[in-house]
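As structure tokens, the structure follows; a few thoughts come after it.
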Amino acid sequence: MAHVLGQNQYGKAENRIVRVYRDSTRHEIKDLNVSVALSGEFEDVHLTGSNANCLPTDTTKNTVYAFAKEHGIESAEAFGITLARHFVDDTAPVHRARIRIEEYAWERIRTPDSEARFIGSEEVGHSFVRSGQEVRTTEVVYDGESVRVISGLKDLVVLNSTNSEFWGYIKDRYTTLQEAYDRILATQVTARWKYGFTGRADEAEPAWNRCYTQVRRHLLEAFAETYSYSLQQTLHAMGTRVLDQRAEVDEVRLELPNKHHFLVDLEPFGLKNENEVYYAADRMYGLIEGTVHREGVVPVIPVA
Amino acid sequence: MAHVLGQNQYGKAENRIVRVYRDSTRHEIKDLNVSVALSGEFEDVHLTGSNANCLPTDTTKNTVYAFAKEHGIESAEAFGITLARHFVDDTAPVHRARIRIEEYAWERIRTPDSEARFIGSEEVGHSFVRSGQEVRTTEVVYDGESVRVISGLKDLVVLNSTNSEFWGYIKDRYTTLQEAYDRILATQVTARWKYGFTGRADEAEPAWNRCYTQVRRHLLEAFAETYSYSLQQTLHAMGTRVLDQRAEVDEVRLELPNKHHFLVDLEPFGLKNENEVYYAADRMYGLIEGTVHREGVVPVIPVA
Amino acid sequence: MAHVLGQNQYGKAENRIVRVYRDSTRHEIKDLNVSVALSGEFEDVHLTGSNANCLPTDTTKNTVYAFAKEHGIESAEAFGITLARHFVDDTAPVHRARIRIEEYAWERIRTPDSEARFIGSEEVGHSFVRSGQEVRTTEVVYDGESVRVISGLKDLVVLNSTNSEFWGYIKDRYTTLQEAYDRILATQVTARWKYGFTGRADEAEPAWNRCYTQVRRHLLEAFAETYSYSLQQTLHAMGTRVLDQRAEVDEVRLELPNKHHFLVDLEPFGLKNENEVYYAADRMYGLIEGTVHREGVVPVIPVA
Amino acid sequence: MAHVLGQNQYGKAENRIVRVYRDSTRHEIKDLNVSVALSGEFEDVHLTGSNANCLPTDTTKNTVYAFAKEHGIESAEAFGITLARHFVDDTAPVHRARIRIEEYAWERIRTPDSEARFIGSEEVGHSFVRSGQEVRTTEVVYDGESVRVISGLKDLVVLNSTNSEFWGYIKDRYTTLQEAYDRILATQVTARWKYGFTGRADEAEPAWNRCYTQVRRHLLEAFAETYSYSLQQTLHAMGTRVLDQRAEVDEVRLELPNKHHFLVDLEPFGLKNENEVYYAADRMYGLIEGTVHREGVVPVIPVA
């Protein structure tokens, strides 16, 4: 019986690129990790060993670096769209391009006594310290007709030291958990959100950078403001907050590991632990995942 | 406009369990990492804060450990099926369970002068060294009707020091790659394969452990025996080899990073590098992914 | 010939502890990773199997958690000193204790519309986001007589996009490097500094937290302000800046990987790279390490 | 007050090199990670910005690759000695070189039906699978007069499922641990051993590869054969076994994390756990470290 070649894709992954803007004495930097995946007419490459249809992964890498010069990097999303359109529109056998980008944030080093000074209200300088909080992510897919942009963040670690309960759940033969009326709730947020934008000629691009900043803010605020009866409830509040506040977004998916903080039993030592001393566990952890989307929208962000 | 709660799931992830069989002086061990994800009627948990339908992640953890005693661990696949059936069949709001398992292999420590000796042709003993090659994986999904088993492996690093070429590819404005007629081909195999088995009452379970060993062997042999004109071609040879040799399997998906080994230019030092000295790069890397399936089978293994 | 038991130590490593202060509605948290290592009269434990002199690692763990309640955590250094003194002073066979601590920083989540508000000029609240930049470190050693405190930081990633050159170096048969007159200088700072404090009864403890903040500031400022002809020169400027500015510190050791940013050759694509587009490499990297200390001080921070 | 530049060193770290021997159709490969650190007359480099005495890290990297061709890689130790001698003997300002090497092991892929076949009793072929167990390590230091070689291994994970007890220890106010009369003992071995070899002209080099294999074997056998009353006792048995069996070695240092396997309490589920079901914890862990050396030898392996 014959075998069939199904979905396949290839490209250069994890192209680390730093783009410096030196237009004034106040430099700017963009620090990205770009991964390219191309699909199309690649049957021969797999079956016959002919590479006549194959754009080498090395060339996809070169294109990433060349485009950083030719087109600049205004935002990860805009850069991804430009790359994806190029691969599909300019290379016949390529029918679909997926560009994934991670972006690492940097802050300026403030040195009041030194050459870093202000021009108007803007600092100048060329020295940066990496801001280690979350990593910004985006995935752009272009199939020759429309663009799909799913942006997100990961590694954003948050903690509420109170206003979290968990009780009233199913009890079965394997239940030992005690109900909790005041616990720490901590998680490491992975979020992805889909933009309604599809790249039609008459469509305005969202303000990608501002939208990112605002989604991040709403996620943090919803986490902080929700009095929680479960991490599921907090997840739902975070997702709906984004949909409520950002019209550009029509679907949000969150993956929230419940980073357990266990109250340490200090009674054997004659001490009372009034929700003060916790053991922060690595594994195992609860893992809560869910999608919230606008009515009428077909959700597309895949389950991890 | 109303927001909709889409796909959601939860459970305890990364339950690390070691099961010791001490039936004779020749102990056996199974070393697993088990992750549970449940879907079902969980709207209230997200929307109202009521946990009446929520089986706590802590209970799913307890169940994993209890089942290791009650049912034993014959294979990761059989253990996953037993767990998945339990969660769906025995807990009303749970409609679907996904069990993911990683298994770590151990070998016996051979100590000829010591108490480790043979009974018949079998070694006895209680001392083990972890075999650090690949990690065995499985994912079992049960939805109340049928079972779906996708097994695999990851972190299997292989290298051919010759019999690999790459030339005849598309050249465009961004091409700089030189054609190669004898190169190192190295990759870190991630493989997933779907079994035809669906868990009907009249269906025999595959011999999971033997099948794993044989798929691994066929992947290695196909990698070694293929004279390669591209990693895509090698991928296809590996996938079809498994389908040819294992009737239980009807779909194979492979993710093969091209771990580049660059020939070092030794000419500045008056030396000739005859494919002897390579620099092994970490990043960037080519990433080749593809599915091969039997005709008539609808492929289900998701793209990573 | 007899064998000798040399230096040995043991204890519980990586005790992850989160201490919450809930004295007002404005909670505070401390997030530490504490490792204990004890030395002393442990020959019998190694040679005879008698544990009569052994304080179990489990007990050292319990002590860490109990002390977090009994003594609180004002700073990693003060907490480490209290623990070290206890183990040596209260357990006869223990002659020396080494406490290593990593501290992870958290910032408050600002939610202007919510319950997080100000009392006087202080924010209140219970919601935090982990600040992912550097990890703060300390190592306290107590031998029954005096205390030695070596504090530090790690994973502080910094970058100058100009003001760095490298030329005029030795050329030998294996030289291919081109001289550079304007390059990116980037590194991931690991710093350790020894305090002069020895824990005598009449000695005032340094203001550990303020000193940490200031050393960090001086490291950043010296990195930013130094026009660099080598990473060695920058290292020296950073170390001397700390000694100049902080009287409490008498020795500084720095480990500075040179995180190479290679200028991408865009000429094959008809483009000119005017120090704008860089490839950020992972490995290999230059590694520059050095100690700067006050005259008359015997340096003690070990080479990694 | 003047500041003093103390110990300093620099060089290229983590040069990943794969050396292929293609002398017959049976290829051989060596896979190393080489780090160079040089010390000497580098005051000016740090203080004045003059690089006249600086051999660039880039050149140290080139030398590693060139030497792999010129001198070959018989063993990590021999290769390290050749490199260290070169840097000190051939570059005036360099007074001391430290070469650290990690070596990754590979096994041949056996493909009975294919071109891999035997010549005499030796397999031929060019296909390899990485053997993921321990990483072999070495550190060579040469100061212009003598050589010091400290070799070792890391990431060797071992487990005894019985023959381990722990009781009779100190009880204090913070003790809660229950005594154990049959427990799992598991650890991830990091070992370093110093050779007596000093590189004098009349001294024979040890058979580095054979010695490595034998030390590894003795460590495993001593771990397996020791009925253990503490991990300290096992550590001591492992160290003395190596000294007893290998005359080339005069000092051994071991770092043994106690990878805790906690017996799961199954009684709430009506089950009895007869040392069969364990939870394998990541953190915290006991950490046991110690040196064993021959009488009269001054131990030099540093504490981690």
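Here are some notes:
Should a chain be cited, it is by its letter among A, B, C and D, assigned in written order, with residues numbered from 1 in that chain.
Please note the rule applied: a residue touches a chain if its C-beta (ideal position, glycine included) is under 8 Å from a C-beta of that chain, and two chains touch if they have at least 3 such contacts.
As the structure is a computational prediction, the values presented were derived from the model and not from experiment.
Note on interfaces A-C and B-C: more C-beta pairs are in contact across A-C.
Set against the C-alpha centre of chain A, every other chain centre is closer than that of D. Chain centres here are Cα means. That of chain C falls 25 Å from that of chain D. Taking each chain's centre as the mean of its C-alpha atoms, chain A lies 29 Å from chain C. Chain centres here are Cα means. That of chain B falls 38 Å from that of chain C.
Listed for chain A are residues 15-16, 62, 66, 174, 176, 268-269, 282-283, each touching two or more other chains. Chain D meets chain A in the complex at residues 173-174, 176, 268-269, 282-283.
Those residues of chain A whose C-beta lies close enough to touch chain B in the complex are 1-16, 35, 37, 42, 45-47, 49-59, 61-63, 66, 90-91, 93, 166-170, 172, 174-177, 228-233, 235-236, 239-240, 243-244, 251, 253, 257-258, 283-295, 297, 299, 302-303. Against chain C, in their complex, chain A makes its touches with residues 15-22, 27, 29, 31, 62, 65-66, 68-70, 106, 109, 111, 113-116, 125-134, 155-163, 184, 220-221, 223-225, 261, 264, 266, 268-269, 271, 273-282.
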